[in-house]
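First chain A sits with chain B, and in the next complex the same chain sits with chain C.
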Partner chain A sequence: MTTTRPAADTTPSPPIPDSAESPMWTSRLRRAWLAKLPPDKLLPDRQPAYVASWIYVFGVLTLAAFLVIVVSGLALAFAGPAWYHTSSLGHFTNSLHFWSVQLFFVFMVIHLWGKFWMAAWRGRRAMTWITGVVAFLASIGTAFTGYLMQTNFDSQWISFEAKDGLNAVGIGAFFNVTNLGQVLLLHACLLPLVVGAIVVWHVLLVRRHGVVPPIDAVPVTQPADTIGDPEVPR
Partner chain B sequence: MTTRHSKAGNGSDVALQEWRGPWRRYDIVKEGVIAVVVVSILTLLLAGIFSSPDEPQLTFQGWATSAPDNFYATAVQELAGTSESAGYGPPYNTAADGVAVGPIAPQQWFGVTHPVDPPNDFVLTPLRSQQQSADVTAALAAWDSATADQQISWASDYDSALTDAGGDLTQLAPGDYGPVPVLAQGLTDMATSGALDGVLTARGAFYQTDATPQILFLGDGSYLDDAATAAHLQGNTWGMMNETGSYPGQAWLWLYSFWYQIPTFNSDNPDDYLTSHADALIFYIMAVLSLALLLLPFIPGLRSIPRWIPIHRLIWRDYYRRQARP
Partner chain C sequence: MDQTYQVAGMNDPATYLSWGWLSISLPNLIVIVLMVVLFVLAIVLPFPKDRDQS
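What follows is the complex of A and B.
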């Protein structure tokens, strides 16, 4: 038995525009992203030679502590809010969460002070500073809800005291610190997402604009494509 | 070649441009991995060595057992409407106007959003929810059959008499207190047995996630306050940033806590304007300071501090040393 294949469609298809000029939304988004944040800026393998101080370590240490907070927090969230009162493993996990938060704030505050003394907002980096401060303030709010949801004496006292401050300015009408359910969901769900999103935005801005040069830095005519100290051609 | 110097805070040509000076090798992924490992190890060590605080929660049973007179007196205050929560105002009830700083009165604007009725929520409803002794049952019936004015009269008179007697029931002046003493004793007995903890938590429901009534009631007496004083957690002793035991607390709230240490906001006279409005005023101060921190790059003077105090010369000492070379 013979079968007849359908004749191939020989009608020429319309040319697909080169992605460099494609009007597709996806192409446009990719072009815009790459223009602002090319791979060598997003994941750099070199830094200006002036980036040579221990103060620069505290930004990445803050991020690392945030990661430990999220991981230990996920374990606590999975097991439920009362787990750490009754289980030694739960208590240890809570200790990891507690100390990673302490480290997070130590690193973050040192990072913040470092950036202040560098006047790191120079050169169109104001939004980098602003997102950093917002991340700091949002982190304080997140930590506060963590203290409120401990379901122990500490949370009883903190919620009793804090309600007055928030009620006096009207916030208490919407954010009830003595409502465990509200506090729990804010701490374990909404606020970590907010902090995480702001931190990602902050880091992307840092990568886009680069590390601020020293105050009174002198313009140089050296080619940009050299690696200094030791100076190695790129 | 021109050598224009940058102006901290005003932007600079160098800060605006792509860096054209010397570079150094930098492995961002390796740095990130090392940071995660170091912080993880540090956290494990701190958690393993120092553990973490977890003081058990206070209960109404503990309160009624260790301080029955205070619990009894607080129950009377709830009926009389003289407790802190009974006279609080928004967002719990309309017993007071709420704090206003000049025309700014958000506590009043938003009104009652978490209604709490202390006489009923803390005393009468819990008593009615359980099978009671004959005298308590009769006292509840007497209370229910009385007018509102009569109820307040009984409770207020008894509250005053109890205060005058220093809480000592044997020194109580005789008077018409109606069913109030029996109701207060009934609630004290209920708390001592542990039943009140369950009743206040569940409030007739199976699931319950809002602890507002319990926290307010607990705070109306001296039990919670005394425990906080013993743990150095009072607001006027930096309690906002302290933690139970010897653990670090919310140290990042030091500036917020600082204002509460100033006598202006913490006087012995509760009618003093700054003291009675301290919560709102301090919040507004902190809001302004936070806004200033946020907008620092745009505030003349403040943004120039890093230039005036040259700590940056330590941070970039290698760079400046190279610049100084002939």
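What follows is the complex of A and C.
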């Protein structure tokens, strides 16, 4: 038995528009993204000379601590308190989560001090500064709900003190810190997503506008042998 | 409860230090001093140079 192939379709297909001119929203979004954040800005392989300072390390240290928090938090969420309150590995993971939060805040506060004293909102970086501040505030809320769900005397004390404080400022009706179910869901579901999204936005803005230079940084257009010479204009 | 656990335990109230109107817990003071020391060191200490530049 023999089979025959169907005849090839020789009808010319309609011309595909160049992606640079395509009106599709995906193409327009891609062009807008690449115009604002080309790959060499998103993943650079070189940084300005002034970045070679320990004070510039604390932003990425904060990110590293945040990554440890997320990974250890995922393990705690999946395994549950019956694991992390009873087994050795669970205790270790619980402690890892707690202490990485301490380091996260230490690194973030030093990052904040460094950026404040170098006025890091200069050069159209206001939104970078603002997203950093919002990330800091959201992190405080996330850490606070984490303290509240320890289910020990410490969390009981914190929740009752905080309840009075929140009632005093008029928001106690919307946020009941003694409601463990509400606190658990806020800490494990909502707030990590909020902090993660703001941190991603913050990092993308840093990549787009570049790392802020020191206030007395010399532009690279000045010859190196004239740096510091008061007779040579910058 | 063994001594090691008591040092880092959170089920006991913290030690508080007071000077006049100022009152602060010892753990908070340690963390603040640690951050200030790290901040000063980060500004003062030289950063290792890139091997390509040496």
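The definition used in the following text is that the second predicted complex is superposed on the first by the 201 of 234 C-alpha atoms of A that agree within 3 Å, B and C clash if a C-alpha of one lies under 4 Å from a C-alpha of the other, contacts with A are read in each partner's own complex, and residues count from 1 in each chain.
In this text, a residue touches a chain if its C-beta (ideal position, glycine included) is under 8 Å from a C-beta of that chain, and two chains touch if they have at least 3 such contacts.
In this text, all values refer to a predicted model and were calculated from it rather than measured experimentally.
Student: Which chain makes contact with more of the residues of chain A, chain B or else chain C?
Tutor: B
Student: Determine, under the contact definition given at the top, whether A:Ser87 touches first (chain B), second (chain C), both, or neither.
Tutor: neither
Student: Does chain B (first) or chain C (second) touch A:Ile110, or do both, or does neither?
Tutor: Once the two structures are laid over each other on A, A:Ile110 reaches chain C alone.
Student: Classify the contacts of A:Ala126 with the two partner chains as first (chain B alone), second (chain C alone), both, or neither.
Tutor: After superposing on A, A:Ala126 lies in contact with chain B but is clear of chain C.
Student: Does chain B (first) or chain C (second) touch A:Pro214, or do both, or does neither?
Tutor: The answer is first: A:Pro214 touches chain B but not chain C.
Student: Touching A:Ser53 in the superposition: chain B (first), chain C (second), both, neither?
Tutor: both
Student: After superposition on the shared chain, which partner residues are touched by A:Thr151: those of chain B (first), chain C (second), both, or neither?
Tutor: first
Student: Which chain A residues lie in the overlap of the chain B contact set and the chain C contact set?
Tutor: Shared contact residues on chain A: 52-53, 55, 57, 102, 109, 114, 152-154.
Student: Mind pulling up the chain C residues that touch chain A in the complex?
Tutor: Within the complex, chain C touches chain A at residues 10-11, 31, 34-35, 38-39, 41-43, 45, 47, 49-50.
Student: Could you pull out which chain B residues touch chain A in their complex?
Tutor: 1-6, 8-29, 31-32, 35-36, 38-40, 42-44, 46-48, 50-58, 90-91, 98-99, 106-107, 109-111, 113-114, 209-212, 215-216, 218-219, 224, 227-228, 231, 233, 235, 239-240, 243-244, 247-248, 250-253, 277, 279-280, 282-284, 290, 293-298, 303, 305-307, 309, 311-312, 315-316, 318-320, 323
Student: Given the complex with chain C, which residues does chain A contribute to the contact?
Tutor: Chain A reaches chain C through residues 52-55, 57-58, 102, 106, 109-110, 113-114, 152-154.
Student: Using the touch rule from the top, collect the residues of chain A that touch chain B in their complex.
Tutor: The touching residues are 43-53, 55, 57, 60-61, 63-65, 67-68, 72, 84-85, 91-92, 94-100, 102-103, 105, 109, 114, 116-119, 121-126, 129-130, 133-134, 137, 140, 143-144, 147, 150-157, 159-161, 163-165, 167-174, 176, 178-182, 184, 210, 212-224, 226-229, 231-232, 234.
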